[in-house]
Structure formats: C-alpha cells, structure tokens
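Below are two complexes that have subunit A in common, paired first with subunit B and then with subunit C.
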Partner chain A sequence: MAEQDEIKVNVKNLNFYYGNYHLLKNINLYFKKNSVCTLLGPSGCGKSTFLRTLNRMNDYTEGAKLTGEVLIDGKNIYDKSVDVVELRRNIGMVFQSPNPFPKSIFDNIAFGLKIHGIKNREFIAERVEKCLRYAGLYDEVKDKLHKSAFSLSGGQQQRLCIARAIATNPSILLMDEPTAYLDPASASIILDLITTFKKYYTIIIVSHNIQQAGRISDYSGFFLDGELIEFDEAGNFFTRPKDKRTENFITSRY
Partner chain B sequence: MFNLKYKDDLYKFILSIFVLSVISVFLIAVAVILFYSYPAIIRYGFSFLWVKEWNPPKEVFGALTFLAGTFMVTFLALLFAIPFSFGIGIFLQEYCPLFLRGIFTVIIEMLAGIPSVVFGVWGVLTIVPWLRESVEPFFDRHFSSIPFLKVEENIGYGILAASIVVAFMILPIISSITKDSLESVPKIAKDGALAMGATRLDVIKDVSLPYALNGIYGGIILGFGRAVGETIAVVLLIGNQAIVPKSLFSVGYTISAVLANTFTFAVISPIYASAEVELALILLAVSLIINIVGRNILNKVIGGRFNRSQFGGG
Partner chain C sequence: MAELANIKKDDDPMPVFPINRGYIKRKKFYNGIAVFLAVMAFIIGAFPVFHIIYKAVALGHEYLNWRFISTLPTGFPIGAQGGILNAIIGDVYLVVIASIFAVPLGIGSGLYLSLFGKKRTNTFLRLLNELMIGIPSVVWGIVGFYVFSTNAGLGFHFGFSALAGGLTLGFIMTPIIALLTEQAINRIPSGYIEGALAMGATKWQATKSVIIKAALGGIFTGILLGIMNIIGQTAPLLFTNYYNTGMPTGITGPGGAVGDLAMLIFIYIHEPSKILHVKAEAASVVLLCFIFAIDLGLRLINYLTRKFL
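Right, the complex of A and B next:
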C-alpha cells in the first residue's frame, strides 16, 4: 500500500450506470503522484468511461448515474461543493483523435487560459510558447502561430492538443488512446513526451496497444466487462500477471 | 442476355437522362423567360431598373417600386427571423431535454409545411389588426419624427405586416438548419472544450458555432430564397400599391405579388406581358446570384478553416 501523501487520485467503490447498463462495477484503485498508469482492455470494457469519470465528463450525459467516490488530493470530486470548471482546470485531457478548436494555433492554447479569466496578453503569449515547447511543437509552428490549427498534420495536431491540455497548468493528464489514429513516427514522439511529462503530472492513459503501454507504464490496470480485473506495477503486470484473463489479454487472446 | 457491365452502362444511361431532363427543363424555362422579356429589355434598357412609374395604359414600365418592396420585405424578414432561428436552433440542440427535442423539432418542421396562403390568412386576421390597433398608434405617438418609422396610413397592411409573416415562414428553415448544423459538430470537438473547463456557452461560442457556420449560412441563403420569392402571403398583406415604400409602415408591392395579381391581364398586351416577364427574370437572376455569390464569399471567408478535414491526415 502506498503512502497516503503519494496518492494523487483514489477511486473508491465506483459504480457507473447508463440507463439500465451497469458500465463500471465497483472499481477500486489509486494513482500515485508523478506516475504513468495505463488502463488496458478490449473495446467496450469501460476503460474510456472510467477515464471520463475522473474529470466528470459524463455530467451532461442524460441517463448517467454514478455512485462511489473519486478522491483527488483527498477531496471527493463528486461532492456538491466542487466547481467542475475549477476541477477541469486541474485535469488536462487528450482525446483519441486530434480535436483542435476551429481557431488559430495560438488561440487553441490560449483558449483554456481565457476561459479561466486570464487576460494578461504577455502572460498568455509566454504560456503559449512554453506549452508548445513542452509539447515539442514550437520549432515547427513558430512562424505560423496565427494560422488555422487544421493546417497542421495529424501528429502535430495531437501534440497541439497536448500543449492545450497543459496550458492551464494541471496536475493530472488524462489521455484516451492518444496515439490511436497516428502513424508510428508521430505516436513514438507522443510516447516520449509522456515519459518526460511524468516529472510534472500524474498521467492516466487508456490504451489498446499493449506494446506501447509496456514501454511507458509505471502501473497498469486491466478492465473487462466493466470490472477492474487486475491492477499492479507494470513490471509485474506485464511479466507475471496474477489473473488468467489478464494473461490472456496481454498475450493477445482477446 | 446483358452481362453485368452492360447492365451497369444501361442504368447509367437511364439515370443520366433523368438528370439531363431536369437540367434541360431549367434551361428551357430560362430560355422562355429570356425570349418573352426580350421586347421589354430592348425597349426600356437599364432604365427598367430605376424608373418608378408602372403604367400599363401609357406603356411606361419601371421596376423600381417592386424591387424596393421585394428587398425591404426580404431584408426585414431575415432581420426578424435570424436571431430567433439561432436561438431556437441553439436551444434545441444544446439545452433542450431529449424528450422535448423531438416534439419541438416536429412542430417546427410542421410550421415549414404550412401552405403560405394559410400564413397569409393568419396574418390578415391577427398581425394586421395588431399592427393597426397597437403598434402603429404607438409609433405614431412616439416616433413620428423618424422618417423610416413614420405611420402614413394607419391601416395595418404594408411592408411590416408582410415582413413579419414572411419571417415566420422562413423561421423553420433557418432554425432547423441551424439545429442540424450544430448537431453535426463532432462530439469530440465539444468534449475537448468541456474538458478544459469551458461552460456550455463557451463551447457553443468557440467550437460549435464556428464549426456549424457553413451550414447555418446555407440555411440563411435558403431563407432568403424563400423570402424573396414568397407570393401569396405577401399579396394578402403588403397593400399592393406600386410605390417606393418610405417607411416600415408604408404599403408597397413586390415582384412576385405584382406577377400573381396582374399577369393574367398582362398577357393581353405584348409589351405589358413582356415587362412582367422581365420582372420574373429579375427575380430568377437575384435568386441565382445570391446563391452563387453567397457560397463563394463563404468559401473565401472560412475556406481556410474548413478546406482541410477536421482530423486532418498525416
């Protein structure tokens, strides 16, 4: 068991329902500070749904119901007193396919700052440059910051989305199959980014790709039919899985 | 028997005939209109566009009064309808509970299916008395010094009555297209903004509307097309007098209204008929130009943002 102050996100008895479907069944796990954790499982196993419970993305989904607790820094994010806008500022999210806003490269990153009430132009410009540098994109786009984000390649767009996600200085990064639609070279750049990023963030990634997950994970979890089957340090998870079903999955029998 | 390739060619041939027949009907219609309007075009030249007088017995024909009426009604109808349509479309797509969305959508689409003469009758029975008894006296008391708001004859009929009713007629088109355009915004694009802590309003303003703009613009064009050509409701409401309207409350006339009212008499005199067909030609040209120019402007303005697929490839 990890020390209490090392735990960033602690999920307790989490159940999630959509209409009559019981999509997540009594999930219990925790994520340590500054670690990379991958959540694996076949399509439809609930891993993406789980990821979206961590920043309350299902709030606007009609017919969704949730029980249990998600504690971030010891505070339950489903508590009535929690401000969702503030919560999400602390949690960056990157999606399956690049989803830049229909705006310029600069404004894509400035967006998060602006909606959180930051107006100081110098600060914004500085922050935009810094985030682009972190995401390894600055040199490629520095001469066209005010061009449309759609003019970038798919891999560049995804790095832009990563830069956007860290603009509000979050402490957690959620990534939902961030390399799913990228070519291997672009995917590799993003995996390298993730590895350097754990200095600053607690990173939780949903993945389909066992090789990629093995390469970057500190911890791994395996979801099947809405249940968390196994959760362990990556070393154990990938080489000595305790559960037969995990073993079947990582040896690609699903 | 036919082999597959041969059959395929046969289908292609038959389908091409269908398509060609539509195109040729359009071209024939244009040709006929050009042919019959030719005598008037030759005789009156461009002065047809700015002469105010429309006097069949003296064979003096100028379209200015009808052009002015047509554009005023169209412009005002769009002005009234666009904000409401945006509101309706945004509400239905972004805020309305699911079970009500279906009902509201059906009602709005039914509104689009109501025959225009019914709208006209409704206007005569409700809008005209309301304007005559409440709105016009109010404006007469408070705004009579402003030329564009001056009430000349307190009768209820006129440009404003026609514009309000036409606005109701184009409302369903623009609002349902606004809704559909917003619906087609990829969920992942909206989620991206929500995950940053954006409110729903931020998402609509910064993500959904820019994405949907193309479609919404198309809806406005369609609304314009319907408004500019709307006939029966306007005939019933506008007052049908060939004058250039000076105020919101003036009576007036539109191209389509004068054609509907007088074309059956006009055919008696070749030059009278020709002048009226020239009016039809103008209406046709305006609709075509608006469509073509509108789409081109749109491509130039936002083409840079939209000519790449949103999840652009490698």
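Right, the complex of A and C next:
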C-alpha cells in the first residue's frame, strides 16, 4: 500500500490523562513523511502535551497515563520492547521555552553528536557551524562559541535549541512554538529552515501564529479542549475549514 | 485614614482605588521591626562566636606559632612540651579517609534518590537518610567499634586506628552529602534534564554532562558541611581510634591510631595541668583555622571547576 508507506507517524485512539484529568480525548491522526504539519489551538488545549506523547517525554510526568497507540514507521512506541533512548535519538525536539544546557554555545550543539558516539573534532566543529548557520545564529555568536549559552538572549537561545535539535539528523522534528521569541526576520529564517528540512524530516510544529502556519504547512490540525476538531491538508484547512469552530479560530474569533 | 482619589466615570476601565496611607505606614513600620530583629538575632548569634575566638586567642596566644603546629607533643604530662603536629596530621588522615568513603557514596545515594529510584522506595529511603543524620555521633561510635574495631561484627579487624575512625566518621558524613546532593539536583530546572533526554541521552549521560555540573555548587556545600561536622567530633573516635600522641605507623592495627584536634582538646582540658589547658585553647584556634582553610579550599575548587569544566 503506497499510502501506508508514506505515513511516518500514526496516532490511533490516543487518550492522555494527568491523574484524573482526561486531557487528550481519542486523538486520531497521522503525519506523512517529508511533510510539515502544524497544530493549532487555544492556550491550554493540550498541544504541548500531545507533542510530548510522540517522543514519550511524558514518561517522567507524575500521574501521567496514556492509552492508545503511536506508531512510528509502523511500530507502537509504547510497546514494552521499545528502547526509549533509541527512539528519542531519532526524534529532535524544540521545547516551548528555550532550555539550553548549562554549557558553552558550541557544546550545546556538540552534545547531541557526542552522545551519538562521534569523536571526530573536525566533523563536530563543521557540524556545529552548519547548524548555527541554518538557525540564522552563526553571525551573532561566531566570536563567542565558547561562552555560556546563558549569555544569549531569549530569541538567540531559542534558535540555539533549534540548531541543537537538527544536529543529529533526526527523522522527525517536533517543535513547540519555535518562533515564539523571535523577531519577524529571525522567524522567517526558521520558517525557511523548516521548509528546507522537510525534504529529510517529518516536521510537526505547534504554533500560535496562523499566518506563519499557513505559510509552511502541508497539513494542519486544530485542537480544542483536548479534542482534535479538524485535521486536513493545509489548503483545505486554511481556506475551507469544515468545522465552524476551526473557522472561528483561524479567523481569530476565539 | 483613607483618602479617596478622584474616581472618574462609571465606565472607567481601571478605576483608581483609595490609597490607605495608614496601612502602608504600618507595613513600613513592621518592616523596620523585622530588620531590627534580624540584626539583633545576628548579633546575639555572632557574639558568642567572636567571644570564643577572642577568649581562645587571648588565652592561647603564646602558643600560636610555627613551632606549636610543627612539632610533636613531648614532656610530662605528655604535651607539656612540644606542639600538636600529631593531631593535625591525624585530622588530615581522618578527613581524607572519611571523604574517600563518604563523598562517592553520598553523591551516589543523592543521585539515586533524585533521578533513578522508584517513588515509593525513595520516600522510605529519604526518611532513612534523614534518620541517619539525626543519629547521635556517640551511637555511630559504638557502631563503628563493633563493625571495624572488634573482632566480632563483620570481620574487619582494624583495631583502634585511623581507618576505623575515618570510616566511622564517613558514616556521619554520607547522609549529609546525600541530602544536599539530592536537594541540589531537585533545584535544577526540569528543562535541562528533559532537553538532554529528548536528545536521546541515557539518564547517566544526562547526569554526567548536564546534571552534575548544574548541581555542583550544592554538592560542594554538602561535602563542606560533612567535613565541618566530622572534624569537631570526639565521640565516634572514643571507641574506634581514641588518640595517638605520636605519628601513626599505618592506618590499621597497632600503631594505626592517629591524633585528632578535637580529641586533643578534650583530653588536655581533663588534665590537671595549667599548661595543657592553655594549649587546648591554642589548639582550638588552630582547629578553627583548619576548618576555615578547608572551607576556602573547597570554595576555590568549586569556583575553578565551574569556570573550567
């Protein structure tokens, strides 16, 4: 089945609970290879939580409970046999608030390579520079690569975290509001990065910026109170939404 | 007395509220009282410390010289002549032995409690750890005696020695380091750890390269508190090392016992000898300096590792 082959991530009957609080309700959707999907929805509707179910970051959240399946390349990542470390090596994640490591700018990006066992210094240096360039940060930091990452501004830290996430060639990239802290020019660079990298990755983005989402999306989904209200190709989603609530949201009537 | 600012129309989106001058004045007054009390508390707390230092220096100053800290005690009663080198060297032995044992064990336990263990078991282990901190040091002395010094117990036959004493002091140090390590790690923003795990780091990789570094300050504080705590102890040494007026010839068995500043002070004060009483005062000044030096040393190491790691 050609259709099936293209699906990278397939979410089936996903329910998620924080203790007794039933947050995500029976989510069904899929993400195709080499596509960009944006997830929209009002604050607090469960977008970040959903994103974190895709690389099992909720494993450490106290009281978190999950039912249903998340199939990546056809394999349920919540299967007992799945090695979480192995799984995450294949998935890059950019968190909602920038969280650089307490290390130098250089080492923040080199970290991912090092935990993959790469020791070749030249390769690492080259890769660090390349990632910083893609994230549009290189010119700003090239003279202080060995300074602490905390000396960067919020927006610079966010771009550093993006550079960090692409350094290890993940096949899936999860980005939680990657442009939230960025000025329009920097945001534009990140959007270009996303468009460039979808040739290689499956990219899933949470966004609050409908305009930006419209510009880069191949697919889009709308969450409301933990439910997936609508999921469709971006063309239909943004111009002819089927659900009234989606329409209200994208025309900012929420 | 509330003075009413001029309130505008009903549809004012943010009506100006009446300002209660009396309330603000009162709160400023309380603030003054709180500052006064804090300063008083500091003075009351600090006074005895400075007084003790002053007294000890005043009484013992004639011995505060290089000879005193660089020669062994001689004469009769022993110590009437010579210095306290045996005790200084002995403390180095004890602190080093205790630290070799307690630092890795304490940090390891702290890491386990904060990162690796199961929640249920951890609550229990944490309680146990706090209980261990509360155990009086004399009890540790008895435990150390049975475990390390006698031929009963677990089969260690260290006798009254630096090894038996140091390990017993290590018992006291370990839970303190564990507690401080755990607390330091719990204070680290969850984003660091999540960031590393999301990259596909194992827990140990995340710990090694991100967590320990961020928690280093707190871990050093734990080591420091541990050393401070054991260096003034006499009770645990009574049954495991006692005291040696000369240099040790080993760290176990006969000849393995070492001197110790706190024990020296304890013993000298109990001797009916004016000279020894004065020397005990001088030795307590040396002990204070010793603690101060360790404090500075560890702070320096902390600073340097932060800077160059």
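We take it that the second predicted complex is superposed on the first by the 242 of 254 C-alpha atoms of A that agree within 3 Å, B and C clash if a C-alpha of one lies under 4 Å from a C-alpha of the other, contacts with A are read in each partner's own complex, and residues count from 1 in each chain.
To be clear about the criterion, a contact is a pair of C-beta atoms (placed from the backbone, for glycine too) under 8 Å apart; a residue touches a chain by one contact, two chains touch by 3 or more.
Keep in mind the model is a prediction, meaning the values are calculated, not measured.
Asks: Identify whether subunit B and subunit C fit side by side or clash on subunit A in the overlaid structures.
Replies: clash
Asks: Quick one: is A:Thr179 in contact with subunit B, with subunit C, with both, or with neither? Answer first, second, both or neither.
Replies: Neither subunit B nor subunit C is touched by A:Thr179.
Asks: Who does A:Phe111 touch here: subunit B (first), subunit C (second), both, or neither?
Replies: Both: A:Phe111 reaches subunit B and subunit C.
Asks: Figure out whether A:Val85 sits in contact with subunit B (first) or subunit C (second), or with both, or with neither.
Replies: Both subunit B and subunit C are touched by A:Val85.
Asks: Would you sort A:Ser217 into first (subunit B), second (subunit C), both or neither based on which partner it touches?
Replies: In the superposition, A:Ser217 contacts neither subunit B nor subunit C.
Asks: Scan A:Thr168 for contacts with subunit B and subunit C and give back first, second, both or neither.
Replies: Touch status of A:Thr168: both partners.
Asks: For A:Pro102, using the defined touch cut-off, is the partner it touches subunit B, subunit C, both, or neither? Pick first, second, both or neither.
Replies: In the superposition, A:Pro102 contacts both subunit B and subunit C.
Asks: In this superposed model, does subunit C or subunit B come into contact with more residues of subunit A?
Replies: For subunit A, the partner with the higher number of touched residues is B.
Asks: Regarding the shared-chain residue A:Phe150, is it in contact with subunit B (first), subunit C (second), both, or neither?
Replies: After superposition on chain A, A:Phe150 lies in contact with subunit B alone.
Asks: One more residue to check, A:Thr202. First (subunit B), second (subunit C), both or neither?
Replies: The answer is neither, since A:Thr202 touches no partner chain.
Asks: Taking the stated contact definition, name every residue in subunit A that is touched by subunit B in one complex and by subunit C in the other, in rising order.
Replies: Residues common to the subunit A contacts of subunit C and of subunit B are 55, 57, 60, 62, 85-89, 91-93, 95, 97, 99-103, 111-112, 115-116, 161, 164-165, 168, listed in rising order.
Asks: Touching subunit C in the complex: which residues of subunit A?
Replies: By the definition above, subunit A touches subunit C via 55, 57, 60, 62, 85-93, 95, 97, 99-103, 111-112, 114-116, 161, 164-165, 168.
Asks: Please give the residue numbers of subunit B that touch subunit A in the complex, ascending.
Replies: That would be residues 97-98, 186, 188-189, 191-200, 202, 206-207, 210-211, 304-306, 308-314 of subunit B.
Asks: In the complex of these two chains, what residues of subunit A are touching subunit B?
Replies: Against subunit B, the touching part of subunit A is residues 55, 57, 60, 62, 84-89, 91-93, 95-103, 111-112, 115-116, 148, 150-155, 157, 161, 164-165, 168, 174, 181, 183, 186.
Asks: Taking the complex as given, what residues does subunit C use to touch subunit A?
Replies: Answer in residue numbers: 119, 189, 191-192, 194-202, 205, 209-210, 213-214.
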